[in-house]
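We call the chains A, B, C and D, going by the order they appear; numbering starts again at 1 in every chain.
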Amino acid sequence: MKKHKRIKLGMVGGGHGSFIGIAHRIAAYMTEDYELTGGAFSSDFSGAKDFARGLQLDDKRVYEDVPALIQGESALPLEERMEAVVIVTPNYLHYDAAKALIESGFHVISDKPITISHAEALYLQSMVKKHSVVFCVTHTYTGYPMVRQMKAMIASGVIGEIQKVDAQYYQGWINPVVHSAETRKGIWRLDPEKAGISSCMGDIGVHAFNMIEYTTGLEVKKVLADLHTLYPDNPLDIDGTVLLRLDNDVRGIVRASQVATGEENNLTIAVYGRKGGFRWEQENPNYLYHLKEGEPMQVLKPANPYNSGFSQEATKIAPGHPEGIFDAMGNIYKGAARAIRGEQVAEGAYPDIRDGVRGMNFIEKAVESSKAGNQWLEF
Amino acid sequence: MKKHKRIKLGMVGGGHGSFIGIAHRIAAYMTEDYELTGGAFSSDFSGAKDFARGLQLDDKRVYEDVPALIQGESALPLEERMEAVVIVTPNYLHYDAAKALIESGFHVISDKPITISHAEALYLQSMVKKHSVVFCVTHTYTGYPMVRQMKAMIASGVIGEIQKVDAQYYQGWINPVVHSAETRKGIWRLDPEKAGISSCMGDIGVHAFNMIEYTTGLEVKKVLADLHTLYPDNPLDIDGTVLLRLDNDVRGIVRASQVATGEENNLTIAVYGRKGGFRWEQENPNYLYHLKEGEPMQVLKPANPYNSGFSQEATKIAPGHPEGIFDAMGNIYKGAARAIRGEQVAEGAYPDIRDGVRGMNFIEKAVESSKAGNQWLEF
Amino acid sequence: MKKHKRIKLGMVGGGHGSFIGIAHRIAAYMTEDYELTGGAFSSDFSGAKDFARGLQLDDKRVYEDVPALIQGESALPLEERMEAVVIVTPNYLHYDAAKALIESGFHVISDKPITISHAEALYLQSMVKKHSVVFCVTHTYTGYPMVRQMKAMIASGVIGEIQKVDAQYYQGWINPVVHSAETRKGIWRLDPEKAGISSCMGDIGVHAFNMIEYTTGLEVKKVLADLHTLYPDNPLDIDGTVLLRLDNDVRGIVRASQVATGEENNLTIAVYGRKGGFRWEQENPNYLYHLKEGEPMQVLKPANPYNSGFSQEATKIAPGHPEGIFDAMGNIYKGAARAIRGEQVAEGAYPDIRDGVRGMNFIEKAVESSKAGNQWLEF
Amino acid sequence: MKKHKRIKLGMVGGGHGSFIGIAHRIAAYMTEDYELTGGAFSSDFSGAKDFARGLQLDDKRVYEDVPALIQGESALPLEERMEAVVIVTPNYLHYDAAKALIESGFHVISDKPITISHAEALYLQSMVKKHSVVFCVTHTYTGYPMVRQMKAMIASGVIGEIQKVDAQYYQGWINPVVHSAETRKGIWRLDPEKAGISSCMGDIGVHAFNMIEYTTGLEVKKVLADLHTLYPDNPLDIDGTVLLRLDNDVRGIVRASQVATGEENNLTIAVYGRKGGFRWEQENPNYLYHLKEGEPMQVLKPANPYNSGFSQEATKIAPGHPEGIFDAMGNIYKGAARAIRGEQVAEGAYPDIRDGVRGMNFIEKAVESSKAGNQWLEF
């Protein structure tokens, strides 16, 4: 295993008390491909410096904001300069940070959603192309080894031509706070200024959508959505079903809810083809159920030699040792690192700007379809 | 346990090689409430007599057809006469048999669907009322003890006001025969003359629909359906999703497919309320998953004293001894037997004519909605 | 499906309030091979007659006791006479009833254990041979289709030479009543007069033992047992582990407990061979897990054409429709019926006198080994 | 979250191609409590330096062997010096490395087993005490949040007085190579010089043993073992069952196998008490099954507020996001870090020298018992 010089990584957001910041740092550590160098961790600059000291970072690499970071880092010699920057701010700040960083030539790893609108996402896409940077969006679930195995097996024709896809993302977290007008006012996910035009589809439905396109390699062509706010004074959807038409007129469904009381993070996907099918569940990520026409179902598990190389690269230990969500995120960081180093990477090694753009397109079309009385809308 | 005189039971259809006939006989035996007396088992009269001899039935109680059965039995003294008749013919013959039997005062146990059209179902309903007979339709899944437990707990408010329901019925059985124009022509399920206007919704989607209304006690008010024939020369749907609006504007989904390759009989239901939720899966019918807001999930199993009386009556043995689909059907027969004997029965003790009528309504509206370009249609 | 004249069946025990009686009646009805004709249902003769009327049996076929039954039935013409008799009395009465019936030429279906001692079992075995009757012992779990599939696949060498077997039977039912000296005195299972020399091994451990011999076709050669009474004043074991040596020096384990608090009927078996292994769980009886060297695990389910004929004969309905414990018992009744009719039956079609004898041997050796300070004892 | 200065960590072993080295590095990174400073990574010194450069370590901190490391580090000023050293060499080298490091005042994190003999383990224990260092042995499975929850709930009396424990560790990895005399000669696990006196008990049985003592807080008092080499020329056990007597005469079982063909890493534990029981499975580590007398089973999952503080500290993300084996190891590193910093740590925060000593005692007694004809031997 040849080791590379570590990629110098900055972070925007992710300071004191940020759980998502910790998740990204762990993902970056795991692969031993990155070295956290500094960042603009918080709008509270003095707090950010304090936080950075806790991570034993050099004070000089802690910046007040993104412009300061860009200016400071750009002034450094190339071999010291940050090469990639992670964006883990609140969602509505993603776009400005990403735009500025890309335009200054930094590779970007952005939390999802990459922007608040499809138009912004398209603009980022054009900038990524123009500046030839790597842009990775952390659709983390694509990093699981059995999701990658599913993608590889579908691509190689194991289940034949696809005839049906169905993805679910059910959570219950908003239930305890949504039923009182008072408490639901305080949820940032339900504030259009901070969350954009959708809560449920924007936060979780889009993951189900992404999993469908990621695993099948098919594109969604049009959607008919039935979204629900539960209360009239709640401006954003917290539940919804979206009917899909994919390439080749394949039918699909995205089902998502934040009021599926008692559910934790119940993301599942089922794909059925002419020769068989697959089922996968995020809360038991190390099992891939392969249904076969006329034969017993097989249960595939990570790290076994019967898996594809693409899946095997996403495991770090022998069969029977469960890997989890941090490992999945680490696999995405690993894919991005390869791209940043200019290596050839397999399709799907990390979710990129195209995933980000399509996700925003999905969210906007779903909301629009639902508001238009459940009409089919083309992408 | 006081034992009653057994109900004299006739059967229409169900002769040589009929698996559904065996299932109904087993269900009837199980409860020790019925005695199979005779029937019109087949259009092949001599075969029917041969078949009946195998069951050691009296030759004189084997009839050529339904009119002959009605005439023959009506001529017998009351205490010898069949009281109830099971209809297990091909679907398109259900209506005529049921109509004649009801109008002659026989109680009827009918396989599903009770008719080919909603109008016929409504007519049967009026006849059932007029002649004061018991009419039971074998929506068998409602006979499982944990389905009954779910119904009882929802009715008693355990999960609070319902906010979401989602039922799935995925099978793959049609996949091996549907892709060739030749073989699919030979499938009776795809022949409108025999199967009516729908294959997937008519055969299995309607079970998912019934499970939703049965367990929640809510009524579906309107539907928007997206059905699929897969091939243009196939006149009937073999896959589809139906969006639902129930009472109180509750959102629901019925998802069904006959091309979910590799699936056997994957019927599931999830119901979420303000205080918790339930999940149940037909292929593991003895587990009821009770999700609770802020508490660990509970797994309820049959025959335990913590279950409701309604569920306990649907088990015959100590905890940990799995009961199956025949036991479920037996529970429905047991409920019908009580009604036939004139006892008070709990709501849901057996699916009745109303379930049959609503099911036909669902099927027709779903097909109509899909053909009308996925419009919402009221029941 | 050619139908045979039904076998006239009598029953000893199983009167008012007997759950095991109901189970046996259902099993007998299911196969349509038997006709319940009469019996000696209870030591309360007038109650027995009342009970029999509830089943609409002929009063003349209800007897005061086994001798009366034998005398009465033997006086009837052959074609009216009971051919087989089910014994479902308390355990300590099994032997006398079986002995008398066999010696009078009746086929016998006996609940387990067939006797209280190995010596008695051996005597019954000699009588069964002498009188050429069919003797079936209801080791019900051997009737499940996936247990039969496991047996068939092991016999055909699918997992190669066996190198390890492990069977568990954990229940918790005795826990609520065993901790008070007062209540445990009242448990008949703990009364040596009624239960014999063992509670845990005699009631459930022996099932685990039987499953090992049934599925593997290997014989246990010696045992080392570690049994536990939990309280010094409790004369019988309520928990224990038994180490096994089988043919070819294969190692095995029987683990059983009646104080595995919260467990219902958790019987499991795992068998490992050179090429793969099997796992099966009684509470989920329709899943057979086939572990394969170097390949993904397969999950086999009943009624699929990939199953052996031996397993397929033990299902009555299409894949995906769960069958349960009554169906399993029905399969055993079906096997016994064939034997009674003089047909050739596959090995394992029903557990026979040999299973009964070996089970009693196991119980005695286990108890003896434990008392002797956990010594190895040969069968 | 106050951040501490990172603990300077060295590593012995774990160079090129060492998977266990990667696992330990990831665990150390995860907690952000450690900084890898250098080590003696390999007996191939030049390879070790090359390897260390790949990790961007300072050449001067790469040592030829443990003595050189001790000498080199001891010469450094206190604030630069390694404080703790991880030992991930082949097993038979653990003792010498640990002994030298402890005697020079370094804290030690050792892979399991800590030594090849109980006597050595006892000596290390005395040295740990004498030199007041922290000694952590990576019984990794104790780091899972639901194992910690189980420990906490048992300690708080939730299931009452314990009456039965049963732990299993079944693997199949040795099956493909053990059946040929040629290939089994080449397995280091079967070479007494490298593996010590036991393969199966020493490698995996001891984990099952440790899990029993860890979760119940009970001590094993004596054992009766039945170990198996499968082939006479194989000097070490590859399968075995060990009967246990714990405190209060509680019965227990350790079952382990390396020839459970097809099994990956199937470690399970079941503990039954007067009021309920627990079941946990390593391959699905995020589910804890809580059996309750008279109530439905509960399924506990990590990160939910209903868990104990001890468990909650072992999760890093919201409910429904699976954590895996690296996270479990990270939790152990976190516990050790606290101890190294001199903080008070909860009992069980990391497995310590006592766990190592008891494990070696277990292995030796099991082997001795089996060789002595399955005698009970006291600890």
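Following the convention adopted for this analysis, a contact is a pair of C-beta atoms (placed from the backbone, for glycine too) under 8 Å apart; a residue touches a chain by one contact, two chains touch by 3 or more.
Note that the structure is predicted; figures quoted are calculated from it, not measured.
Set against the C-alpha centre of chain C, every other chain centre is closer than that of A. Interface comparison, A-B versus B-D: the higher number of contacting C-beta pairs is recorded for A-B. Inter-chain spacing, taken between the CA centroids of chain A and chain D, is 34 Å.
Note: centroid distance chain A to chain B, computed from Cα atoms, is 43 Å. For this pair, chain B with chain D, the centres built from the Cα atoms lie 55 Å apart.
In chain D, the residues touching two or more other chains are 263, 294, 297, 301. Chain contact summary for the complex, chain A toward chain D: residues 1-6, 16-17, 19, 22-23, 25-26, 29-30, 32, 35, 51, 53-56, 171, 173, 263-266, 282-286, 301, 316-327. Residues of chain D touching chain C in their complex: 159, 163-164, 166, 170, 172, 175-176, 179, 224, 226, 228, 230, 239, 241, 243, 251, 253, 255, 257, 259-263, 270, 272-277, 291-294, 297, 374, 376.
Interface residues of chain C facing chain A in the complex, by the touch rule stated above, are 290, 294-301, 304-306.
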